[in-house]
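Quick heads-up: structures coming right below.
First chain A sits with chain B, and in the next complex the same chain sits with chain C.
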Partner chain A sequence: FTGAVHGFLLSPIEAFLSDLKRGGSGTGPLRGSAETARETTALLRRITAQARWSSAGDLMEIIRKEGRRMITAQPSETTVGNMIRRVLKIIREEYARSRGKSEETDQQESLHKLLTSGGLSEDNFRQHFAALKANVIEAINELLTELEGTTDNVAMQALEHIHSNEVIMTIGRSRTVEAFLKDAARKRKFHVIVAECAPFCQGHEMATSLSEAGIETTVIADAAIFAVMSRVNKVIIGTQTVLANGGLRAVNGTHTLALAAKHHSTPLIVCAPMFKLSPQFPNEEDTFHKFVSPHEVLPFTEGEILSKVNVHCPVFDYVPPELITLFISNIGGHAPSYIYRLMSELYHPEDHEL
Partner chain B sequence: ELTKEEKQRLRKEKKQQKKNKEKKDEKASRESDKEKKSAAPASQPPTQHTAQKAVPASAPVPLPASEAPVPADKPAKSKAELKAERRARQEAERASKQGKKGEVGQQAATGKAKAPPSELQPVVKRLPEHIQVDNPDVLKKLAKKLERQQVCIYVYYGYKVSLFSHLHQYSRKAPLTQQLSIPSTVIHPAIVRLGLQYSQGIVAGSNARSVALLHAFKQVIRDYTTPPKEELSRDLVNKLKPYISFLNQCRPLSASMGNAIKYIKKEISNIPSQCKEEEAKRKLLNCIECYINEKIVLAAKAIAKYSIEKISDGDVILVYGCSSLVNHILCEAFEKGRKFRVIVVDSRPRLEGREALRRLVQRGISCTYVLISAVSYILPEVSKVFLGAHALLANGYVMSRVGTSQIALVAKAFNVPVLVCCETYKFCERVQTDSFVSNELDDPDDLIVTRKGKTQLEDWQKVDSLGLLNLVYDVTPPDFVDLVITDLGMIPCTSVPVVLRVKNVDQ
Partner chain C sequence: MAGKGGKQNRPGGGLSGRKGAGEQEEEEQPLQAVLVADSFNRRFFPVTKDQPRALLPLGNVAMIDYTLEFLTSTGVQETFVFCCWMASKIKDHLLKSKWCRPTSPNTVHIITSDLYRSLGDVLRDVDAKNLVRSDFVLVYGDVVSNVDISQALQEHRHRRKMEKNVSVMTMIFKESSPGHRSRCEEDDVIVAMDSKSQRILHYQKTQGLRKLQFPMVTDNFRDMTSLTRNCKIHFCYLSELFTDNFDYQTRNDFVRGILVNEEILGNQIHMHITKDGYGVRVSNLLMYDSVSSDLVRRWVYPLTPEANFTDQEGRSCTYSRHNVYRGSGVSLCHGSQMEENVLIGSDTSIGANCHISNSVIGNSCTIGDNVFLNHAYIWNNVHIASNVVISQSVVCDKADVKEGVRLNKQCVLAYNVVIGPHISLPEGTVVSMHHPEEEEDDDDDEFLSDDADVGQCKDKTKQKVFKPAEVGSEGKGYIWKANSLNDTEDEELSHCLWGLVLNPDPESESEDSEPDDSDDPVIPSPEMDDVKVFQMEVLGTLQRGLEENISCDNLVLEINSLKYAYNISLKEVMQILTRVVLEYPFQQQGSQLTAPQYVVVLLPLLKKWSPVFKNYVKRAQDHLDCLSAFEEHFLEQENHWAAMVKVLMNMYELEILEEEMILRWFSKGATTDKSRQLRKNQGLQKFIQWLEEAEESSEED
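Up next is the complex of A and B:
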């Protein structure tokens, strides 16, 4: 007997799915990733509370099924998948705690365990525990509080990394970086150069918002990134996703920025909260890139030549981990080589493929 | 050689004497020297006359200073005493020159003084005024000079980013020509039109601007009549000076335009004084035609011939922006039957790549179009990168449209060969290592864009801490460039000073 989702639960899920589908037109997210993460988690909490399930395995089945639907609605919005994996991990932990086992033994497979235990280690989460529901919901609430505080946690570390009279460069618009810089601007004076990131030109919004906070801001065209890089002290960027190898899937133009920073030996700092960490690798060619309507690049007013040319408008760029100096997340700063370890703490390996 | 030097020194002495008698005129001539140099930074003082003035002004500076007060104090010195003084000075100078000659090598590297190449004067380089906007003395001198030439001075526009406070920033909405009276008495109408075309961006691109300039000068020469008691060779050069200042104010001169102006001034000053006006004009027009033909048209053909060897069937070629030379090469290669496809990379705010796209598509070449932020997505498909240049600097750096260095950087990271195509008349004796010291700031309002009905940066002027930066040029380091194709052949980036030297010796 597998669990089922009630009728009255269907409509919020459908609303969320249609929201995701609409928001992915690539012209800049209608809402930031943090909001998406919070909404996903809230929805999962609701499913946990209201769906019919009797054991942890049932619950995980339901969440996986709904999760797969959410991911197919907007594959590029990876925070949805990340939150689902977090919740699955929470369920596993709570189950293990209810069974009385300490958390460590039920962790991921180690070579030793493979050799000594022989065969699959366990039950398929079929035991029924009465307190499981309450525990899971409480844990999800903790996750939600953590999510609410991520931007502030990242911004709190700003003063450790920015000194006065620096020239900082950034690209496009990231709410995390905005909060980061505004927090530092309360105590330090520095100059920010924003690359506008054509064709969506989100850099303009970022610049207006930063200058309203009193920070000296300059907007430059994408083409001038290398030209002004010699004068820049630090590059601070946000990203859409942090991949499992420590690389980034960020807005297009970031790879050029990273190469220019490497050429001038300028440190590249990525402000990414933990919910952006995804267990994907960049090798899947056809799923990595996302394209939007080419009329952003070559508008329909260009007329006759439109039918004779190919126009591409990719949204994301891959930045390899060698070009990144530091990740700043809500739990502190890490080197790119440490990301794999963080990932293993956040997600269970069986959940990598939903 | 010694005798030639002696003669030169004698001439110098005579001139110094003249100057010393009229103290004020000397000071004025030194000032006008400085301003002449700053007005046409790339062009050298055309006649031997001014070169002689320049040499004593720069090298033996203490001598005139010591000379100046003496005649004023003792005007009644006898002729014999003056002669003895002169001889003593000659000896002293000969001795010092000999000493200097022993130290210094045989280089013609100092571009400013036109002294014979064997003598290396310690030249005080006059900085072009357009990169000294933050220096109020320079601005005052420029204002005085422009007043004398009756050219109106340009008021710069908008809040300037502090990193670039040493450069002018223009607005397209307020061209210089609005301040001119109609009809303009000092500036020839063809030049006024040209200045307006430059400042509005109607004529853009290094070759186009040079050709337009030369055509305008041809018109000026046709309409020119020598006033009585003046020599054509000197008067015409003086007539051209305010025109050049005006054009410089409309939009700073490019390296190719500077070289063209140098050439014209040299040709004009080489006209023998007994030549009749009609014949002289005909000669000059012919010279200009030859220059355009040789340096631009035929050079393009030669470069196309060399480049076609580098394009093979099945190539995917990446080009950036609109370079007339690169477009010409691709069209030629396509006509010769090479099979390739082109990726045109473009960037805001100029979006010149669309023009290149139109031209290539008209010929039937299959093209792809992306913006510069997508270049790292598209580069794995590319087999070669062809770039045009605005100027090639003497230290091997390539000065070109902003964004070129970025493309070269990413191409290098993906191991794709980068070829730069440039005619030799764009080679320049300047050196530069970054894009800050000498650049052009375009209208900052061009960056503003309206998306989905919202214009984010509309009121950028009202916000104090917000600045927009619209750069025009940037410099590409030579390690990113694999090959430079010129009309003299295919050379590495570092051979540019060799070519410059060969050209100087030829001239």
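Up next is the complex of A and C:
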């Protein structure tokens, strides 16, 4: 019986699912999204290696099915969906190569081609190739190696963007930005202003970490962002997701920061590795938002007031692409208008909807 | 059964990152839990007549699922579920749930018995069957929590490693301030703990108490008073010592039992207070109301309704602004508003122009037009006709509410009840298909989940007639007594579904929150008498001891039991004992004794009773207490000062008192003229000098 996940594979999948569901009790994901991306890919590699399938179509069906469960387990963790799409794309490519077609033909989705139809989907990936499994696993391994190096690759570009004696502003705590700033600090002296990012105040952790690395650091309240902006040369932020239109889904307060930067014509640079690119658009309401326990806003120990008010604690902000100057990913810098192009290189259009 | 062999270890990607250091130990000894899926009380009656409390839906998910999810997320790998009332239903539920799938990281074993009647029974069984191997988590089946207990667990393990078998239990408390919605007054406890070691010194329920009594035990005594809410998660360790101690009905007795016997058995309880997270027990309907609304307001994140953590098919729901959750297949007609904090289960249809706020509606319900719901908890398959108003009420499965019915606050419609049309139920009405009198009949075997029994009930039900005046012309069901809150005769609130209403009585609040200041003058008065009586008793005991030649060990035991009987602190025991012994010669021979005579009588007695003294005089503070009582005695007996040195010398030689302590007492300075005079006594001066010299010479050696 092919096309199924059997016995001993179930338990790691279930463990991953329940981990995702519990993930982020308050301050966003417990792990960094880089780690989530690696874990997802490793799990998909395991499924590819151990599940029973005879053709690429079967495998894609299995991965789609398990992928849907992973996505519903924690819709706000878009990295999981992105990695699933990357793996699906890998399978398509390997299949095409096995059939002797070059990947290039598959890449170009033109109107003409859509109309004349055909291409790969004609045989629905049903052909069996003995070497396919090994090839797919090898390609996934390459993807894993790529993921390992993303943060370093982003950080390497720091010296091109940060110059001596500049004042940089950032918000909250992003591991990518942290590595980016620390990398620049090896050669240059500059000043970092960190907005604390209430109510979770990850900014405090960020500031501690930066000052330990010898960077001159100032922490400000979120309300002071606009006031301080006139002194700032550059805003460098991280993000949770880069959306299909080039906008961001980033930690709360980022929109304020981006607007203030726009007003003062301060460049806004977003450090985002490629695995954060998601084919999602900002209009998908129920997966876009994430509301966590209001404990940080109004402690549960507060007495009577709690029965009289509603307290909400959203985690994410939407930042429209017009406010963003530049994206720095592990493969270089891009303008927001170029994101759609990257998207089509990374994911197959048929996989946008899993 | 749920028992499965060959459960795989958690994969590396699991929780390992979070648990850090504790992981290695855990791999050797998987964390176990005992879940008591029975409350052993009847607070939810008559609702629990048809469904055990653990299966009542809270936000459309059975309560026991929250508890199991909590246990699983804290890393428990093996859970024993003990069921009694309606055990088969709980078992069916669990076997169908995700907990019994082979992939579950938490292996669930279900243990059923009709014979459990208290927590003590369950624990005894746990012990008898040798189920747990090490520390375990003990919870009731109605705990809703997202508290991270790993820190408490580590503290507990550390304590147990440091002092073998001394700490038997760590209780976890969640802090919440007075007047808090989810604070249930009847669950308020007063806890005294040692702020350094977090040891619990005193534990008492405050319900029904106006004045709070504290035995003052140690100096670093700090009271946590009612700031805390008990979310009833315990770590226990079952040792041999512990085995006999299960004759307790409730957890309260259990805790108090351990505390009272602390000095005899050497068991201690510690506590852990958590400020983060959410943890609460659903102990009555008032709590049910507040926990449901907390759940919908996302306080228990990540256990939110849309997370579908139970993994049931088709139970997923979407979340949108103002905390509105909709299951799949919900239909909402034109003009209906879901204002805020609303959860609607799948396949429920709602008519036109309805107004719903702060409510939870179950699966497959139908609701007519112009219905107004506020704080309503509608369970599954309920049919509600048009023009119905429901506020702060619970409507159980398959109930039918006809047109124009109005349910005022705190009404409960139990299973299958039909109400209406056009009737208004007064506040606090409880309607059930079971007749209240029939309930009285089989009151005794309430815990027996006998299917035959239920069958009989149905027969009886048919014989009785529904009263149209109470439940409407088409109504079906019997009114249970209208629940008046001032009904004080109600036995231990056993029928009071909703629990006590939080009364913001300023007087009681102030008393609760600052018992240290306001209560201090109150406490001594009743205690003074106890102290007197205790003194008499100690004297009697010693006398008897002399007459019947009772061994000192037994004397200590007797004094200990007296100590508990009269609620006397250790310090007072010391002082009283010293005083009684020193006054003993006067008691026996009259007060005209001369100093030499006094010494002659006292010295043999001291020698005889020195083991008793040694039992109590251990720490430095004990020595000083003993000495101050000694001083007090001689201050009263001025003409016996000559005897004083001899007595003191004797006590020193018998090793009751240490020289260091005597010196410290002497140098500590006198507070009154008389005691200054006492210190100038020649004999005493000489003795002290001798002691000092002895010390110096020993130091030189």
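Methods note: the second predicted complex is superposed on the first by the 340 of 354 C-alpha atoms of A that agree within 3 Å, B and C clash if a C-alpha of one lies under 4 Å from a C-alpha of the other, contacts with A are read in each partner's own complex, and residues count from 1 in each chain.
Going forward, a residue touches a chain if its C-beta (ideal position, glycine included) is under 8 Å from a C-beta of that chain, and two chains touch if they have at least 3 such contacts.
Predicted model, so just to flag it, every value in this text is computed and none were measured.
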{"item": "Clash or fit (per the criteria above) of chain B with chain C on chain A", "value": "fit"}
{"item": "First (chain B), second (chain C), both or neither touched by A:354", "value": "neither"}
{"item": "Which of chain B and chain C A:39 touches, first, second, both or neither", "value": "second"}
{"item": "Which superposed partner A:311 touches (first chain B, second chain C, both, neither)", "value": "both"}
{"item": "Which superposed partner A:302 touches (first chain B, second chain C, both, neither)", "value": "both"}
{"item": "Which of chain B and chain C A:12 touches, first, second, both or neither", "value": "second"}
{"item": "Touching partner for A:292 - first (chain B), second (chain C), both, neither", "value": "second"}
{"item": "Smallest distance from any CA atom of chain C to any CA atom of chain B, in Å, after fitting", "value": "7"}
{"item": "Doubly contacted residues of chain A, that is, touched by chain B and again by chain C", "value": "289, 302, 310-313"}
{"item": "Chain A contact footprint on chain C (complex, rising order)", "value": "8, 10-11, 13-15, 17-18, 72-73, 101-105, 146, 148, 175-181, 275-278, 290, 297-302, 306-309, 316, 318-320, 322-323, 340-341, 504"}
{"item": "Interfacial residue positions of chain A with respect to chain B in the complex", "value": "27, 191, 196-201, 204-205, 207-208, 211-212, 214-228, 230-231, 252-253, 255-256, 259-260, 263, 289, 297-298, 302, 305, 308-314, 317-318"}
{"item": "Residues of chain B defined as touching chain A within the complex", "value": "161-163, 347-349, 354, 357-358, 361, 366-378, 401-403, 405-406, 409-410, 413, 434-436, 447, 449, 451-452, 456-457, 460, 463-471, 474-475"}
{"item": "For the chain A and chain C complex, residues of the former touching the latter", "value": "7-8, 10-16, 18-19, 21-26, 30-31, 39, 42-43, 72, 285-286, 289, 291-295, 299-304, 306-307, 310-313"}
